[in-house]
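Same chain, two partners: subunit A is paired with subunit B first, then with subunit C.
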Partner chain A sequence: MTTFWPIALITFKEGIRNRAIYGIALVALMLFGATALIATMVPREVGKVAVDMALSTISFAGLLIVLFVGINLMAKDLDKRTIYTVLARPISRSQYIIGKFLGMILLITVTMALLSLLAITAIIILKNIHAGYFTRFSWQAIILADGLTVLMLIMLSAISFLFASFTSSSFITLVLTIITYIIGQSLSGVKALLEAPSYEIGFNVSPMTIKLVTAVYYLFPNLSLFDIKLQAAHALPISPSFVLWTVLYGIVYIVLSITLAAIIFRRKEFP
Partner chain B sequence: MITINGISKEFKEGITGKRVRALEGLELEIKKGEVFGFLGPNGAGKSTAIKILMNLIFPNSGTAQIGGRDVRDSEARRVVGYLPENPYFYDYLTTDELLWFGGRTAGMDSNSIRDRSDILINQVNLQSARKRPLRTYSKGMVQRAGLAMALIHDPEVVILDEPMSGLDPIGRKMVGDLLIELKGQGKTVFFSSHILNDIERFSDRAGIIIGGRLKRVDTLQNLLSGGKNLEDVFMREVALAEGVTAV
Partner chain C sequence: MIRRTVAIAAFLLFLTFLHVIALGRSTVERKQLSRGEGSAIVLPSPFLKIAALEFKGLVSDILFLDSIAFYGGTLNRAERPRVKEWEWQWLDKSLSASSDLDPYFLDPYLFGNAIFTWEAGMIREANDLLTKGSGHRTWDWMLPFFTGFNYFYFLQENEKAAEFLMEASRRPSADPMLASIASKLAFKERKTETSIQFLEEMLQRTDDELSKQRFRKRIEALRGILLLEQAVATYQKRYHVKPRSFEMLIAKGLIQNVPEDPYGGKFYLEPSGSVKSTTERELMPHRKK
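Then we have the complex of A and B:
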């Protein structure tokens, strides 16, 4: 930990002081303001809309932080050759990757905690004004949805580390991470559609296509698993085993991504 | 203190993957307490050799040790302070934070880091800028912050890649004074330069590298014997390497 901590701390400081964070925070503030306005435009559904919008705002702002601050934190070390002076210290490359990732976890956790605080404030204000429309409401579900979003963002960040370990520029890492996010969010839906009976979807799907989609499904992270905003908005019950397996899935994916990134990084040259 | 045994390095160039030889059978031994100047024209392989010593790139063949440890072992770098050519640091960190990072990764405690930082910041003349983010620094100031970071843990071996590059005359003098001080402290210094005067002023021994091959290694005294100057010696080696009759 004595080796990881200095790397994690400078990564966090470099990230939290980045001007982009302030821009993202401003966008989030505006969206929370919009939540209050839009929610009141939907009579009887104020509670559901408020929760859904507040959670969506957190998720969107977090995604911006991972894509535009997080990727830069890792990739800029390589682009600008800052890594020369970092790796000149008596630390191994695996320690560098893990320290950097711990810094990223810290950044995501702190920024998301602040955003969640804003979201909760917005919900509390609306709940006090429109108490009658918050009959089906669960703080537990909201916090659970928020927690899974944080885990999803940490997972996406781990994947971006994996991409950064073998690509040569931050732009390629950014593009690959965005593609992974889009695939990860939509793949389970596509798989379910293709596996449905042909009379239901109106066309035949070749077994080859199903096999291909299944292979991609297992290769890419299933990020939609972590999206339980809808359940939280409607205060629907969420099974503890689902939460447990999803958290476990996320942790395994993170550990695998970072381990693989460290292995690749050990062999990387910095000419 | 630094040993390089028959190191060769090739790079792949462009999309065709054409192999370019950057170093060929480099053999070098730098003794404890010696200031060694590594002289060569641009692209001669100076930085390649230094990056191999810092384990930033890996040789195709050969080995290198610092303080008896293979350079692939991260512990070898515990006794090394390194300044790359044109260093770049974190935009939003201050020099104080940079030195804290350097000290902590070398295993120093907070008090030692604070004391040593005060001395070094004074030495590189960054007192008034120590709490400012590094992105507001000029190129010379970044170079000086980098020097302080390289020396924060009072390393036995100091490796500097073109330490005078991009510095104004005041900065050059400051680096020169530091080199003399390190020499006085008995540190082993390995620095590269393509500026003859710097090699002549600060080195005990110098190596001339051209086209990835070490052409000559000797003490400054021997290199300059018979009233020769380093420019003549260097140009002669360049001419020989190019197959031209000595000038």
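Then we have the complex of A and C:
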């Protein structure tokens, strides 16, 4: 652990200093403002819309951080050739990768905690103004949804590390990560659609397509599992066993990605 | 130097001025663009569900807000019918998609019910929406209650209405009155009284002033009919014959005068002894074929 910490801390500090963070904070602030405005346009379920918007804002801002701050952090050492000075020190390449990733986890957790605080403030204010329209409401569910979103973002970041370990440019990593995010969020929907009886969807699906989708399903992360915003917005019951298995899945996927990234990075030849 | 600064300032001022004019004109011209039937497309829900990624709740909110904004925009139209057929279809599709993305969202159901029943005569569509919502919001007694009301008031299918009211009465914190109305509807017992009871229940649940007025008027009419019906029954019991006119009831002191029909018609007595109004059709909203 002692060898990881300095790198983790440097990565975190670098991330916080990144100017993009301010831009993202501004976007988040504007969206929280919009939450207050839009939620009050709804006749009845003000609470639902407020929670919807607040959680979506957290998710969206976090996504921007992973995509535009996180990937940059990883690529900067390679682009600016500072990696040589780091690797000249007595740490292994895997330690370097793990240290960087720990720093990224720290960055995501801290920024998400701050955003969540803003979101909670926005919800509290709305709840005080429109108390009668928050009939089904649960802080627990909101915090849980928020936590799973953070785990989803860490997972996406882990995958971006994996991509960064074998691509030569940060732009390619960015594109691959965005594609993974879209696939990860939509794949279970696509799978469900293709597996539905053909009279329901109106066209025939070849067995080859189903096999391909199933293969992709196990390869790419199923990010939609971590999305319980709807349940949180309506205070629907969320079973502990679902949370347990989902968290386990997330952790396994993260460890797998980072281990693979470390292995590939160890063999990488620098220009 | 100063000349240059002035020239640049003048140029910027001119551009600002032009910008305001262009924006204003473009907005006005855009409103003139016809919004043809082609734009009435709402993407199918299975596709929307996938495309919305993790923002399904948000997309659902936006579709709903889009629908109310569109409907609100039609309110000050001069032409008749105010909302065109394809526009109703679009509203139906949009609200259905919104409730597919977030089936627990109450607002699309209530809004759809409000506009489809009174204005569009799309009772089946309203009931489809309500039934979908009722299936997801199992804690909510209002949705089956409204479905029951639509069956009773617009479709005049009392057995169906009773079924949905029963369902509503079984749900948490439902009004105990619902079960009693349901059973009376099912047994066709004291139709007028049950109708008044049902409408009063509905009046309590309605926020919209226009609907409230409609309900009040209807209740007033039904109260008049009820008064006459009761007098006819008493007459029959006492004299063992059916009265032939309301004057006979007045002569025997059973009523003081014939109540006025709030719809502007006149109540009359059928040879069978039942009380009717010349504006009978007014009592029912216009229905589509």
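Note that in this section the second predicted complex is superposed on the first by the 271 of 271 C-alpha atoms of A that agree within 3 Å, B and C clash if a C-alpha of one lies under 4 Å from a C-alpha of the other, contacts with A are read in each partner's own complex, and residues count from 1 in each chain.
Methods note: contacts are C-beta pairs under 8 Å (C-beta built on N, C-alpha and C of every residue); 3 or more make two chains touch, one makes a residue touch a chain.
These figures come from a predicted structure and were not determined experimentally.
Enquirer: Mind checking subunit B and subunit C on superposed subunit A, clash or fit?
Expert: When both complexes are placed onto subunit A, subunit B and subunit C end up side by side without any clash.
Enquirer: Does the superposition put A:W5 against subunit B (first), subunit C (second), both, or neither?
Expert: Touch partner of A:W5: subunit B, not subunit C.
Enquirer: Between subunit B (first) and subunit C (second), which, if any, makes contact with A:N18: first, second, both or neither?
Expert: first
Enquirer: Regarding the shared-chain residue A:D227, is it in contact with subunit B (first), subunit C (second), both, or neither?
Expert: After superposition on chain A, A:D227 lies in contact with subunit C alone.
Enquirer: Contact-wise, after the overlay, does A:I91 reach subunit B, subunit C, both or neither (first, second, both, neither)?
Expert: first
Enquirer: After superposition on the shared chain, which partner residues are touched by A:Q185: those of subunit B (first), subunit C (second), both, or neither?
Expert: The second partner, subunit C, only.
Enquirer: Please work out whether A:G147 is in contact with subunit B alone, subunit C alone, both, or neither, and reply first, second, both or neither.
Expert: In the superposition, A:G147 touches no partner, neither subunit B nor subunit C.
Enquirer: Angle at subunit A, subunit B to subunit C, CA centres, as a multiple of 10°?
Expert: 160
Enquirer: Where does A:R81 make contact in the superposed view: on subunit B (first), on subunit C (second), on both, or on neither?
Expert: The answer is first: A:R81 touches subunit B but not subunit C.
Enquirer: Between subunit B and subunit C, what is the tightest CA to CA spacing in Å in the combined model?
Expert: Result, nearest C-alpha distance in the overlay: 33 Å.
Enquirer: Check subunit A for residues that touch subunit B in one structure and subunit C in the other, and list them.
Expert: none
Enquirer: So in the complex, the part of subunit B that touches subunit A is made up of which residues?
Expert: 11, 48, 51, 54-58, 74-78, 80-84, 87-93, 97, 100-102, 104-107, 133, 146, 149-150
Enquirer: In the complex of these two chains, what residues of subunit C are touching subunit A?
Expert: Those in contact with subunit A are residues 46, 49-51, 53-58, 60-61, 64-65, 68, 102, 104-107, 110-111.
Enquirer: Given the complex with subunit C, which residues does subunit A contribute to the contact?
Expert: 38, 41-45, 48-49, 52-53, 55-56, 59-60, 181-182, 185-186, 189-190, 193, 201, 223-224, 227, 229-230, 233-234, 236
Enquirer: Which residues of subunit A touch subunit B in the complex?
Expert: On the subunit A side, the touching residues are 2-3, 5-7, 9-10, 13-14, 17-18, 80-82, 84-85, 87-92, 95, 269-271.
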